[in-house]
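We call the chains A, B, C and D, going by the order they appear; numbering starts again at 1 in every chain.
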Amino acid sequence: MNPRFELAHLAHAELLTPDMEGSLWFFTELLGMREVARQGDSVYLRCYEDPYHHSLKLTGSDAPGLGNLGWRATSADALDRRAAALDTAGLGRGWTRGDLGVGRTFAFESPDGHPMELVWDIEKYVAPPELRSPILTRRSKRPLQGLPPRRLDHVNLMASDVTAQKEVFEQTLGFGTRERVVDFSSGTEIGAWMSVNILGHEMAIMADSTGSRGRLHHLAFWYGVPQHNTDAAELCREYGVRIEAGPDVHGITQGAFLYVFEPGGNRIELFGNSGILELEPDFETVTWDLADFDTGIAIGGATLPAETYFVYGTPPVPGQEKLVATGGARS
Amino acid sequence: MNPRFELAHLAHAELLTPDMEGSLWFFTELLGMREVARQGDSVYLRCYEDPYHHSLKLTGSDAPGLGNLGWRATSADALDRRAAALDTAGLGRGWTRGDLGVGRTFAFESPDGHPMELVWDIEKYVAPPELRSPILTRRSKRPLQGLPPRRLDHVNLMASDVTAQKEVFEQTLGFGTRERVVDFSSGTEIGAWMSVNILGHEMAIMADSTGSRGRLHHLAFWYGVPQHNTDAAELCREYGVRIEAGPDVHGITQGAFLYVFEPGGNRIELFGNSGILELEPDFETVTWDLADFDTGIAIGGATLPAETYFVYGTPPVPGQEKLVATGGARS
Amino acid sequence: MNPRFELAHLAHAELLTPDMEGSLWFFTELLGMREVARQGDSVYLRCYEDPYHHSLKLTGSDAPGLGNLGWRATSADALDRRAAALDTAGLGRGWTRGDLGVGRTFAFESPDGHPMELVWDIEKYVAPPELRSPILTRRSKRPLQGLPPRRLDHVNLMASDVTAQKEVFEQTLGFGTRERVVDFSSGTEIGAWMSVNILGHEMAIMADSTGSRGRLHHLAFWYGVPQHNTDAAELCREYGVRIEAGPDVHGITQGAFLYVFEPGGNRIELFGNSGILELEPDFETVTWDLADFDTGIAIGGATLPAETYFVYGTPPVPGQEKLVATGGARS
Amino acid sequence: MNPRFELAHLAHAELLTPDMEGSLWFFTELLGMREVARQGDSVYLRCYEDPYHHSLKLTGSDAPGLGNLGWRATSADALDRRAAALDTAGLGRGWTRGDLGVGRTFAFESPDGHPMELVWDIEKYVAPPELRSPILTRRSKRPLQGLPPRRLDHVNLMASDVTAQKEVFEQTLGFGTRERVVDFSSGTEIGAWMSVNILGHEMAIMADSTGSRGRLHHLAFWYGVPQHNTDAAELCREYGVRIEAGPDVHGITQGAFLYVFEPGGNRIELFGNSGILELEPDFETVTWDLADFDTGIAIGGATLPAETYFVYGTPPVPGQEKLVATGGARS
């Protein structure tokens, strides 16, 4: 069956952190996400417009990286169909009993080894009375702490083989590839931006030039307001959070970006608009030539640092940790 | 068959205008939309990110109002299935030969008599070389004229019976109702906000207290940038375009709104953000109580003028024309 | 001597509040101002870019209102000259020993009875190490609490006789009148916007139609970023702070406004841009005709509620308290 | 006499251009400035809120560069006093008969040889009826063409000796130095930001590492709205105007910057806020250490390209022209 309408969106992510205190400070004090639960070495957090129990699970670990990614299906039947398709593709890792706020899931791995799961049963968040918003589509009041993003937005994964990774997600899970970057001199695909709905992307895949497998490039949270990226940069500058690039707007996805490194070492993107929304049901994939890529990277004058942006991912390869170390000025 | 994924989005609209010169000035000089064709009494216009040949057809007429609304299906088969369903519902008006840039369509009417059509075959816009943008997902360069919106966004229709109108669109065309307003004292539904994708709404229906049928409340164009609504208000103020309300942000849909009357008399909304995006596949419809409606109308302090907002639609009922007349200062 | 360059700016203000807990919540939790000291019934607060020890002194009282306004002279000599001029004008109330962070001041009253003072000796704020900003013109880091304004901006006073009040400030203290509103049918001046520097206004005077004397219309704090007024409106809406009008932009001063009532009952304006900056040394006062005043009030569609905006001031006249009462939802 | 309050502001500037057609396209089509006059090889332009006849004179020339800078005095007497002081300093070049819209001026040169003049008699701009704005402090309607800045803002000059240049402006013309950058390893001052009013700067001076004299770094125009810098970058990207850096916010002056090269080769800054306003009459000059300069350059992640920003000025030294050449895509 055509997998086109089988997945709904990215529902939650787990990040690993070797600096739980620092990561918690970043996500709760600076970004104003609310803690909803703790269990074992993990803390569960949510943005004020996230629909479910949590969108981010932080788990203590030796190194930063991606612990898990949860994609929600459009129905219980769609979940079963996609689980079967993943098994057929040899990527299925079996059913799980879920997690706090998450029911039964079907675990799988991307071709590059990124840990993921599909889910249908999930706990809708219901705010306690003191956190209820008079804006009824808002799951909880905007916090007065920090500069709070509204919800989890998308993920960017590094992969040893972009094309192989992309094709599995297209064919097995129904992702549409909106944009890609190709090195026309070699024909190699070095990036792909994909979505299961009208968002410009919910998952990007970029070539990992270190030859590593299964690494995270970044996880993104959504402001939807361009000015908030400027505000976030200001707070990061003042509180010692290292800014990698931005605020600016990518040509690819037209997304307003700000890249920073949370204290645990993971790259986080703050997303200040919705980017291009792809309403056409029969859109054609847009292809950027690597040789003509500057507008793709930024519409304004921003540059992406070659020493980090295209090589640093989490977990870092040996020696990369120092690339993103900061002196720290949080208080 | 479940109509859930059968429609893709609102593709084009036709507005009637008794002041073609004034309406053209508004849409092309002030809003910077580009003219793509003329035929008979009609002028075809597009925003710079609209995907197709045109998104707005302006047609000379005795009175302002809605000439047509075109919804694009998600596939040719989906179009056939929805045409059959509309015929079953008694709303079908038969196949047409289309229009400039629009192939064969299936014409139908809403229960309240609004003229609409479904379409699959449609002309994708390809910009001439001098209008091509280096931002590859952008169908043409942002114009240097006026304050250009990026694309057609949504429509708001007045109806004599909100519930009847809503249910047909849910059951026959697969719209999801995201939010509604109910007069709890009487149980009457007085507004519904509906979508076929993750947008907070692509069609709203509001009760027409004049008892008229088939009228247009407003057509909306998308900036996606909150500041642009402030800029648009400034230009309207300086160039004699009557502002009804805004800029502010509705609680309903969380949409950043500015309502103005184009010189032909149609209410136009400029939309300064994406509003809430509904990613949950199993969202529950949010219900606002009319008695507790102020946050629904505006998060800030804006008020919607009772003498126009809830009663004026196009075509106007006799006597309403003067409600939106302006002295005019365009130059 | 020509008083033209004798005053520098509005340095501090004292607000009286019958609800210290509520007022403190508003200024410190919602607006993120920092407490710097307490003494007697007063709490001293500052915005993160205020140059001195404090900009706002909150003092418990039976009714809301203005406790004091401190204007800083451009030099010690200028202070002496203006003190003498105020004595000559019969408005001087003698030298004081100052306050926390404030040296010797010369107390005076406006013709309408508003309590004010001139000051030269004042304590420059020096942040403790943990609050120092790497942005060296910034006196302290932007707080992570609430939505913090950057500094005290201006004051708006109600007066029984606008012209008399205005002329004293022009002639005795060197204020320039940038804009005024005149009821051309009667010749009565009903508003004046004045400044001692290039700001569009640091003090406005508006006619008090209740016939009261010496009341405060509002005190304003500066964001300088238009989006922050939208953000502030959202927070006020969610946390139960009553919004009177805005966000919108006044035609007068071109100031981006949001009016709210802090829990103590004082009207507070949040100011989202710098407004027009008057660089011309020989500017001519701009006069608005009351009959053509709508653009002066708002460039967008905002309206100022007649039942509060033009009649409510602090202290309120008997019966007005209920005009601004809120249910309260802060948490 | 203390020169402190003798100058009011930067009133006009003349830019030389070897590509008049390209420069005119940039300033009138892209930036929407209005042409007010032509004379000889010069075209006179104005922003819609500039107070005088013109703020920019474009003059055809073999090379780009600064033709003149006009500072307005605070009074006729102040002009005479400053002319005498400049003569004493050996910088006076005598009285002129002025220019279109400009009365008698006193010509002088900066110590580094930048051509300047002082003026009192100047023609206030009065818009023709069709360009009058209902916003009465606005000298003319906001144009519907391009993305129009509101007024001329400031100038940045390169100088062979920053300290010498700075001290003359402080002592002879009353400029205040708000911020400076010092290479603490050598004690050399490499930049100074100066103003005659509360603006964070109206003139900056930066060391010219090429050893040239009297060159222009950039001329800046004011939007006062942060989003407009993002919009301007987008237009420059689409229409082939080379972006050097930004949008971002400098730590120095807290100014929201976007640097581009107009087709004639001059660097132009678009200024998206008011920056820090220095209200303290006895402010202390803030000193940045060159070794700790990154926050001074940008609060966000922007970098200033070493191959242009610190070495390219106009007129360019031989070989620099190609640094800013663009393919050109305007249409």
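We take it that contacts are C-beta pairs under 8 Å (C-beta built on N, C-alpha and C of every residue); 3 or more make two chains touch, one makes a residue touch a chain.
Predicted model only: the values in this text are computed from it and were never measured.
Colleague: Go through A-D and A-B and name the pair with more C-beta contacts between its chains.
Modeller: When the contacts at A-D and A-B are counted, A-B has more.
Colleague: Copies subunit A and subunit C touch; is their interface built from the same residue numbers (over half shared) or different ones?
Modeller: Mostly same residues: over half of the interface numbers shared.
Colleague: Between subunit A and subunit B, what distance separates the C-alpha centroids? Give it in angstrom.
Modeller: It comes to 32 Å between the two C-alpha centres.
Colleague: Counting only Cα atoms for the centres, state how far subunit A is from subunit D in Å.
Modeller: The mean C-alpha positions of subunit A and subunit D differ by 42 Å.
Colleague: Give me the residues of subunit D that touch two or more other chains.
Modeller: Only 134-135, 225-227, 234, 237, 251, 295, 299 qualify.
Colleague: Among line, ring, star, complete and other, which best matches the way these chains touch?
Modeller: Its topology is that of a complete graph.
Colleague: For the complex, which residues does subunit B have touching subunit A?
Modeller: Subunit B residues touching subunit A: 4-5, 8-9, 49, 51, 72-75, 124, 134-138, 151, 178-179, 197-200, 224-227, 251-254, 273-274, 276-281, 283, 286-288, 295-296, 299.
Colleague: In the complex of these two chains, what residues of subunit A are touching subunit D?
Modeller: Touch list, subunit A to subunit D: 226-227, 230, 233-234, 237, 243-249, 251, 258-259, 295, 299-303.
Colleague: Across the complex, what residues on subunit C touch subunit A?
Modeller: Within the complex, subunit C contacts subunit A at residues 29-30, 32, 130-131, 133-135, 141-142, 144-147, 225-228, 231, 234-235, 237-239, 329, 331.
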